[in-house]
Amino acid sequence: MRNTAILLIHCPDQRGLVAAIANFLLSHNANILHADQHQDGERILFLMRVEWDLSDFNLDLAGFGKAFAPIAERYRMEWRLETSIARPRLAIFVSKYDHCLADLLYRHQSGELSCEIPLVVSNHPDARPIADFYRIPYHHIPVIPGGADEAERRQLELLEQHQVDTLVLARYMQILSRDFVARYPQRILNVHHSFLPAFSGARPYHRAFDRGVKLIGATSHYVTETLDDGPIIEQDVARISHRDQLEDLLQKGRDLEKAVLSRAVRWYIEHRILVYANKTVIFD
Amino acid sequence: MRNTAILLIHCPDQRGLVAAIANFLLSHNANILHADQHQDGERILFLMRVEWDLSDFNLDLAGFGKAFAPIAERYRMEWRLETSIARPRLAIFVSKYDHCLADLLYRHQSGELSCEIPLVVSNHPDARPIADFYRIPYHHIPVIPGGADEAERRQLELLEQHQVDTLVLARYMQILSRDFVARYPQRILNVHHSFLPAFSGARPYHRAFDRGVKLIGATSHYVTETLDDGPIIEQDVARISHRDQLEDLLQKGRDLEKAVLSRAVRWYIEHRILVYANKTVIFD
Amino acid sequence: MRNTAILLIHCPDQRGLVAAIANFLLSHNANILHADQHQDGERILFLMRVEWDLSDFNLDLAGFGKAFAPIAERYRMEWRLETSIARPRLAIFVSKYDHCLADLLYRHQSGELSCEIPLVVSNHPDARPIADFYRIPYHHIPVIPGGADEAERRQLELLEQHQVDTLVLARYMQILSRDFVARYPQRILNVHHSFLPAFSGARPYHRAFDRGVKLIGATSHYVTETLDDGPIIEQDVARISHRDQLEDLLQKGRDLEKAVLSRAVRWYIEHRILVYANKTVIFD
Amino acid sequence: MRNTAILLIHCPDQRGLVAAIANFLLSHNANILHADQHQDGERILFLMRVEWDLSDFNLDLAGFGKAFAPIAERYRMEWRLETSIARPRLAIFVSKYDHCLADLLYRHQSGELSCEIPLVVSNHPDARPIADFYRIPYHHIPVIPGGADEAERRQLELLEQHQVDTLVLARYMQILSRDFVARYPQRILNVHHSFLPAFSGARPYHRAFDRGVKLIGATSHYVTETLDDGPIIEQDVARISHRDQLEDLLQKGRDLEKAVLSRAVRWYIEHRILVYANKTVIFD
């Protein structure tokens, strides 16, 4: 794998932005591998992702911020710098349904997901064997009625101890507290088993079945304070017919959930997601 | 085109239903061309569509009801009989956006839709040329504030005069009154420019854009008393990205609207739709 | 799970078929759960799948053939009877790529596939751990140059010993001999990593990439004497763009392969596939 | 509509390219609206599309080539400059099937396609009424056996007379001569009614039906000397089942053909297509 740096920027759109960034990178001998920019015409916003090879880059990354500051300030940029070698550290949260977990762990082991997964956290013991198989430590933290705070306290302890920076809720059926969520802004990915904003909340497949929709969906999104309302990362749908009973919806839905969550995780890991105005830009 | 009869049935599921129907048809020398049945396991319902060739059928259709009555009563069937030669008479309602109208009229003229279209009704004069081209009489009935009742009165007069049995709302932007809708139960088809139940009501593309969904949709459905809540006939979606501005959503949406409305109209004309429990079975 | 029987029939289409079958089943007190029939108008063929509950059925299945013979002969039917409790016994063949194997084993363990999998056969040792995890015996039978016959002999021995009736080639990269294939007519399922008939044969993703197609596909099909030419069971596609390099095609392709093969296996197990004229009818 | 310029470039990839182009445009006061670049890692190629507002641009476009030459030469670029106000002049060629023609003319009239359509050419008289309705001159040039050369001579005369720069073959069922094609390199768009490279050549739907595929497709592509082998611009597919007879394939296919051809035409008009290595990059 190449050793690259990725710069994600958004700022008010104005003349000279591309040249300023390109010249800065060139002045430090960067070889740009990919660059993608987008102008949101309605909001007069400029959004960019640029990735370059670090092998000839002559600026130490520790000093990047200081060197880049004049440009960033002049154009009022919000920016962040990532590198391909600093692999994100993900904790996967799961309850009883383990199809997303099994899918993510398989992809991780086969090299499709360039991240560390130091642990799996669950409020049930059921998914332990699959985690064991992939040699990922499994922590069973039950959530008893009235004990959510205590469970979150233990979870946070583990997350800190394992230096986790990102949470993936792979059909984790507990609602996290506002405080907990606030600690990981744009760092908690969830999969909801409907085509949001339709059927937000509980039992979406049952409600889709009752409404008689002709397509069911699944949505991966960032978790925010408001349930099922965070920025959408990916969605997909599958066709159903009157021949499909509720059981069939659940089964087709599982495949959708795996697809949209695994794509979201990959894009997250590759630093392809930029959030603004409660929406995402996916630099593909 | 073949001269066929179509029988649509739904009733409580019980043993012997298929044999009873098949024997009845055979006893009158029917040659079955298509038969499709469906058991809704949750509601213990039996639903069937059967189509047969009328050329050797030795029962006069006028007498069908009387002859079939013993079976229908025994099994407590709700049923209706249709024939391929009795072409439905559709009125298309349109406002300013004429893409669905143009699409339906092209399909009608090219033989894809086996129906009569005795008239187009609009609250605007804009779509007259395309109706003229396809030689369909165009009736401009403006709907002024406070004048909806009067407009509906004139519309009903026209519909009766032209012996219209079905209404197709092809982006007709007026809400029909409860009384009007009640006159055409399961006989008014509408297209809504969202993936229902998401974004029911006004300006769905704007709201989809603001929410940052990754797929937009369109839905064709029967009109009932409650806005955008009738039985769904067909839905489809298209992928969008951050590169798509509102204008692009509108354009991709137009293609979806044409697709889902024209499929609904064709299935309706071919007597493939059976409604129960506010859902549709599409016998394909 | 219900204890049901499934009857699959194809024969020349003629009047009275549905009644004859329905009456036969009713006379033995069958409660029909699903029935689906199809008339191929071009070939004047009748094809049917009917499934009924065995709990009240008063004909011993061992005697079904004798009792059904008069009808079958009169209408010149080709038919077969299956039951839901007689779970098919599948051997999965795999080479190095284990994504389809892992997917099938997960679905099997989670109850999505109602079959027995007595063994996995591979020409490589690589996939053993995943088979071990799911507790499926793994047989490594290397295929050395000039040693294909010997390998097939050992495979056949194993298949007989384990009373295997069906083979699933889950990215098994060896070509089976004509004799081997002839022993399992319509009982070997394969997945080919292209949208057949495009890119049959070797290295389909490479050739798709070179041709610059905008969608890549995968196909599950029955294996026949002619390579990649057997009856197609299922196909699916994924959109690609110029941003996708060969590596991305391979990755998107893996998800397609899992999808089309697992659907084919499920339909096979549920006795939903009927082959005629080198095509399949999927009774859904 | 904005008055913009579009620059399309491809050249060997090397350091400094983005900066060189951005600085050049900035030095002439360009306000970049969109920029998209792509590095083909296998071929070490750099491909770019950049669009800017001309309102403040202080370089006369007539002098662009001279001013840009030093950069273009230094980086060995192949490039072309287009403007949004220079609307391409398209001739649509059609035979008897007029669904693509009707679709394109509707989209043109409704403002979706920013081009001129000075004429429609056909070897049949059938499509004249729809061209008349949209007020596009219709030229009926029959192609009799042995008379293809003469027909092409007359077509070329018309194309020159109307200053046509681009041809759209909207189900034009004649094969153009090698000489004719050579006059319009990357300027003839065709729609083929299959998922290329499957079923190239004649009667693709019939062959798809016979092969028993589960999806049918359509492909828009540039015409080159070799039949159905030019760079693919867009493809799409639709699901079919055993219930679909040949007639249904033809009908579903028509909708696919309209979709893929109209998208290709729009991308062409918006200068979003770049061809290299017999493939297309679509800058979306």
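Of note:
Letters A, B, C and D mark the chains in the order given here, with residues in each chain numbered from 1 onward.
As a working rule, a residue touches a chain if its C-beta (ideal position, glycine included) is under 8 Å from a C-beta of that chain, and two chains touch if they have at least 3 such contacts.
Predicted model only: the values in this text are computed from it and were never measured.
Looking at A-C alongside A-B, one finds more C-beta pairs in contact between the chains of A-B. Using the mean of the Cα atoms as each chain's centre, the chain most removed from chain B is A. A separation of 41 Å divides the Cα centre of chain A from that of chain B. If each chain is reduced to the centroid of its CA atoms, chain A and chain C end up 37 Å from each other.
Along chain A, residues 38, 41, 241, 243, 284 each make contact with two or more other chains. By the touch rule above, chain B contacts chain A in their complex via residues 38, 40-42, 47, 195-199, 211-215, 217, 231-237, 241-243, 245-246, 277-282, 284.
Touching chain D in their complex are the following residues of chain B: 99, 102, 106, 110, 112, 129, 133, 241, 243, 251, 255, 259, 284.
Residue ranges on chain B touching chain C, taken from their complex, read 15-19, 22-23, 25-26, 29-39, 41, 239.
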